[in-house]
Structure formats: C-alpha cells, structure tokens
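I am attaching a structure below and will ask some questions about it afterwards.
Lettered A, B, C and D in written order, each chain numbered from 1.
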Amino acid sequence: MGTTRLEAFSDGVLAIIITIMVLELKGPAGNTFSVLAPLAPAFLSYVLSFAYIGIYWNNHHHLLHTCNKVTGAVLWSNLHLLFWLSLLPFATGWMGENHFASLPTATYGFVLLMAALAYHVLQKAIIRSQGSDSLLERALGRDWKGKISIAVYVLGILSASWFPMLAQGLYLAVAIFWFLPDTRIEKVFHSRET
Amino acid sequence: MGTTRLEAFSDGVLAIIITIMVLELKGPAGNTFSVLAPLAPAFLSYVLSFAYIGIYWNNHHHLLHTCNKVTGAVLWSNLHLLFWLSLLPFATGWMGENHFASLPTATYGFVLLMAALAYHVLQKAIIRSQGSDSLLERALGRDWKGKISIAVYVLGILSASWFPMLAQGLYLAVAIFWFLPDTRIEKVFHSRET
Amino acid sequence: MGTTRLEAFSDGVLAIIITIMVLELKGPAGNTFSVLAPLAPAFLSYVLSFAYIGIYWNNHHHLLHTCNKVTGAVLWSNLHLLFWLSLLPFATGWMGENHFASLPTATYGFVLLMAALAYHVLQKAIIRSQGSDSLLERALGRDWKGKISIAVYVLGILSASWFPMLAQGLYLAVAIFWFLPDTRIEKVFHSRET
Amino acid sequence: MGTTRLEAFSDGVLAIIITIMVLELKGPAGNTFSVLAPLAPAFLSYVLSFAYIGIYWNNHHHLLHTCNKVTGAVLWSNLHLLFWLSLLPFATGWMGENHFASLPTATYGFVLLMAALAYHVLQKAIIRSQGSDSLLERALGRDWKGKISIAVYVLGILSASWFPMLAQGLYLAVAIFWFLPDTRIEKVFHSRET
C-alpha cells in the first residue's frame, strides 16, 4: 500500500470530522438576540476544534510526506490517531453545551492528549519503518514541540476541576503554538537536496 | 504541498457541507398536505444554500487553478473560507425553521458576508504568493464583482430587522449574479497562451 | 475544468448521500423483537434508496465517460441532479417513518421523478457540448429506457393516494429495470474503436 | 470502469461510515463523573466498530488490488458489502444505548455476519472475473480465515440471548484475529514476481 491511499483515506476522515462538528451547533429555539448568547460557548468550542483539525491535517500531510513505506505499524497507528481525532466532535459538542464546565473541559483535554500521544506513536512507527538514518528522526530532533504540548494538555486536564477557563487558555495556547509555521521537516528535506 | 491536495481536501469539505444540509430538513410528523406547507421555508433555504455552495465550489476551483505555490497564508486563508462555509448548514437550518424571521435571516447574511470576505482574503494571499505580475491580480482587476456582493450582503443584514423578505431577495440576487458565467480568469489564461 | 474533478466531486456527494441515509434509521427504544418490527418499513426504504444511489453512481460514471468538455451547462445540470438526489435521504426517512403512507410515498416518487428529469437534462447538456455526431446521442438513441422510467414514476405518484403499495412496487420495478446491465454506451464506444 | 474509481468510492463510503458513528455518541446531560459511566458501553461499541471498519478498509484494499477487471458482478457485490457495513453505525448506536442487551447484541452480530458473507461473495466475483488460474483464488486457498469468522459470528448471534457478554467476546476475538497481519495476498503477489 502506498502512502497515497493512506493519505486520501485520512484526508477523507479529517474532512468529515471537521464538517460534522457543525451538526453539534443547534439553531436556538427563539429568534431574538438573547437566544444567541448561550450559543457562544458552543461556537467558540467549534472554532477551537476546527483550528485543531486544520493543524492536524496540515502536519499530518508533512509527516506522511517523509514516509515511503506503509508498514502495518504505520497503518494502524494512523488509524489510531484518526480514532482519537474522531472523538473531537463529541467532546466539542459536550463542552459547548455545558458552557466550559469542568468535566467536559477535562474530557476535551483528554481527547487532545490522546491524539497528541497517537501522533507521537505514528511518528515513531514511521521512524522505525525508515531504519537507521531516518529522515524524520533527524527532522524532529528531540521533538520538544510534541513533548511540551503533551505536558500542557496534562496541565490543562488537571486544572480543569478548579479553573476550567485556565484549561481552555492552555488548549488555545497549544493551538497557537502549532499554528505558527513549523519548518523542521521542510528544512531537512531541503538540506538533503543540497 | 501542491494545490492538488488543497483542492482535494476543499472538495471533500464542500461535498460534505452541501450534503449534510439536508439533515436539517426534518420529515414532518403527519402525512397530509397541510404538514408539508410549513416545510416550504426550510426547503427554499436549502435550495439557496445548495446553490451558494455550488457557486463557491465552481469559483474556488478556478481560483486555485491560478495558484502554483501553496504558502502558509494560502493554506490558512483557505481553511478560514471553509470555516465560514461550514456554518452555512447551521444558518440554513435555523433560518428555515424560523420561517425567514429577522434574526436568523441576518445571521445567514452574516455567514455569507464572512465567507465573501474570507474569499477576498484568499484571493489576496494567492496574489501575494505570485509576486509582481500576478496572473490572478490581472484577472480580477478592481474586483467589482466581489465588492458589490459584499455591499449587498451588508445591505441585506441591515434590512433584515425590518424587511426580512427584502434581505432574502438580496441574497438571492447575489447568487444569480454569481451564477451567470464569470470568465475573467479564463480570459487572462487565454490571453497569456496567445 | 476537466471531467475528473466533476466526477470526484459527484462521487464524494453520492458517497455521503448513500451513507447519511442510515442516520434516518433510529435504534428503537426497547430491545425485544416486537420493537424491531416497526423498523421494517424504514429498513426497506433504506434498501431501495441505497440501490437507487448505487444505480445512479454507476450510470453517472458511464455518462461522464462520454463527456470530454465540461461546459457551464454540464456543470450546473450535474449539480442540479445532485440536488434532487440529495433529497433522497429526507424522502426515505419520511416514507419509512410513516410506514409507506400515501403522501410520503408520493413525495418519494416526486424526488425520483425530478432526479430522472435532471438526469435527462444532464444528458442533453452533454450531447449539446459534443456538437453534431454526438457519441452519447447515438448511444442513447430515442432513450426509451429514460422515458419509460419517467412515465412509471408519474404513474407511481398518481397511484400513491389510493394504492401506496402499488406505487412502491412501481419504484422497485424501475430500480430492477436499471439494475440489469445497460450496455448502450459501451456498445457505441466499442463500435467506434473498431 | 477501472478499479481506481471503485476503490475511491468505497474509500469515501468507508471514511464516512467510520466517522458518522461518532454521532451516535451523545454528550450526557450533566457534567459529573457519574454521567460518564453509562456512556462506557456506547464508547466500547464505538471502539469495536471503528476497529472493524479499519480492518475492512485495509483488507478491501488488498482484495481490490488483485482485481484487474471490474465486471458488473464485482461492482454490485462491492456495493452489497458497503450496504451491510453502512448498517454498522445503526447497530453500534443501538447496542451501545442498550448496554449490550441481548437483541441489539444479536443484531450487531447479524450485521457483521452479513458483511462477512458479502465479503465472501465479493471475493467469489473477483475470482470469477479472473478466469482460471485466478491469483486471488490461489491466495485465499480454502479461505479458512473467512469461514471460521462466519462460524464465530453465528455462534455469537446464537449465544446473545443467554450470554450477551460472551457474544461480545466472540466479536472481539474475530476482530483481533483479523487485526493480526494477513499476508496471504502479498505472498502470492511476491511469488509471482519471482
């Protein structure tokens, strides 16, 4: 199996995840401004999750670009990543409906954490498939970016019971952190060409 | 990242948006003709939104055709456009259920307006990626079409409080305006070939 | 725009239509055999609609195969066809819930009729795009198959008020009629090669 | 019709099936730990079904790889397989909501059984399309793996009335059985190359 098909399937699943989340936004019963206000948390949760899926889609593409051999481990760690991301619409809807209450906020962070760990596992599987002198391994280095994100998610989950809004801020911070262009993989590709 | 993958992902998202809107159409409880009549606004909203997504899909394709380098700005302005379009099913359902009431009508117009602005931003990002002598910049000229649409959306949103049906008429007018073939991009492509 | 992208988008929309129909099948509240029985009409409606979308997908592919130039008319008649097919999940769900009552049965037939007419319009648009000596025109001949289907749908809609089960039988008959292999397009392709 | 398009359409349908299942997971009303516990069966059902669709996607790809001619029989047995798989979200949701009660558990097993039989029929259709000395026929041998799975599903359905948890264990066992790499097709491909 080439990476093309793995990528096409992942793209399809990510496109569906990013779009069905909107089904969690339910049109309010009345039609005055006052009915729109309670929708704000649901809307903000949607924005955050949309950004997260966009970021994953983008990074996932660069990641698979380094992969030239789809082993069983790569295939299943990829599905494992998609599994956790597929839970994001559920967590988003629940968090939005409950106006960022503690438990849904912690659950949302848990889904993000599991997705980040799954992404880490997928990276390892690709590195293993490349043998020694792995292009991806050099690009990632010690992967501080991935490790810091995981630490911040854990912090967010722990703080959600007392300060759910702090947890939200932490999730947002990680999103911004990843939104800023990451050129590690491109750099290694470039250095190899020269 | 080539435009192929950007296009494939956008196509996927647009195909899902255009299709899940139908889930907002709920089969009425009874089965006599009288239960079908209240469905008319929901149905008409669906027709309008279907046309809008069709138009965006078509124009988006022509737009990406002029793009030969996917910069970070292009990638994120594209996701930004998809974000606003993904809110159309929500706005459509809400407007249809409330029989074109003022607030849902204004909200619908707001989503259209933001999508139009996002489209404008995407155009700018592609133009910037092309440097001076941008093919797209020449094709668009002063982009009267885009500017007039935005003005009409604003007019629609403002009028929705007093004359929601006028707002609907304005949204429909913009759709027809864009439905008519737009050959600006094709012309520039053609002129370059000769 | 080449046919490849038109086909990919149509495939995406058809894949979503055929799959979201299952969302209309709601798990019954209890868990004894007696709660499954009322699901039968919903299940049978789903089977019929699944077969119809499968048939359209198959024929649509052959149809687009004859098309080598995507004109504006082809593009919009294709979206028009997708529009009516996108209403099938709604009609299916409504018909199933109401156990094949008259009005939902007639509505279902109406959606099938409009889809058949839209398919006819799409054929005409492709034929016009091919100019004289159209490959598709020769393949279709007088298109008895299309015309008979349309007549049977009309008959079904008319009979639905008195004999809804007869209407169901007629819809089923058309599906079987199209399910049987149709080799008109392949024959003309073949004759041209020799 | 080439296998490419059949594969793309199947991939689309499978990507949608695997993703819309999450819509069956409904955010609980409260936000304490006690409201999460009743979600466990729904979550576990989702995990199992996600794994099943992942396995089918993977095997389906290898299967179609052996197919070089899409006959009508191949096309329709493929749609038939997708039909049964498309019922998995319904069965998953119903089983999860009812906490693995007997009837939903048996229904879930029935859907798995029908999908397995449909897969068997698709294999036969591909073998028939390849004529004598079929690559796939040699790869499958007596297809003990497929036959054992079918037997275990039947056992699961029968046991569901008395021991629904045994049935769940049997379904899980088959998933693990298929999850382990299956190299039959690859072996034959390899032997042919040498």
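Keep in mind that, in the parts below, a contact is a pair of C-beta atoms (placed from the backbone, for glycine too) under 8 Å apart; a residue touches a chain by one contact, two chains touch by 3 or more.
Being a predicted model, the structure only gives us computed values, none of them experimental.
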| item | value |
| --- | --- |
| When chain A is superposed on chain D by its C-alpha atoms, the rotation angle in degrees, nearest 5 | 90 |
| Same-site or different-site touching of chain B by its copy chain C, using the half cut | different |
| Approximate Å spacing (C-alpha centroids) for the pair chain B, chain C | 27 |
| Gap in Å, rounded to a whole number, between the CA centres of chain D and chain B | 38 |
| For chain C, residues that touch 2 or more chains besides their own | 8, 12, 16, 20, 23 |
| Touch-based graph of the chains, sorted into line, ring, star, complete or other | ring |
| Contact footprint of chain B on chain C as seen in their complex | 1, 5, 8-9, 12-13, 16-17, 20, 23, 72, 75-76, 79, 82-83, 86-87, 89-90, 93-94, 97-98, 101-104, 107 |
| Residue ranges of chain D in contact with chain A within the complex | 7-8, 11-12, 14-16, 18-20, 22-23, 25, 27-28, 31-33, 36, 47, 50, 54, 57-58, 61-62, 179, 181 |
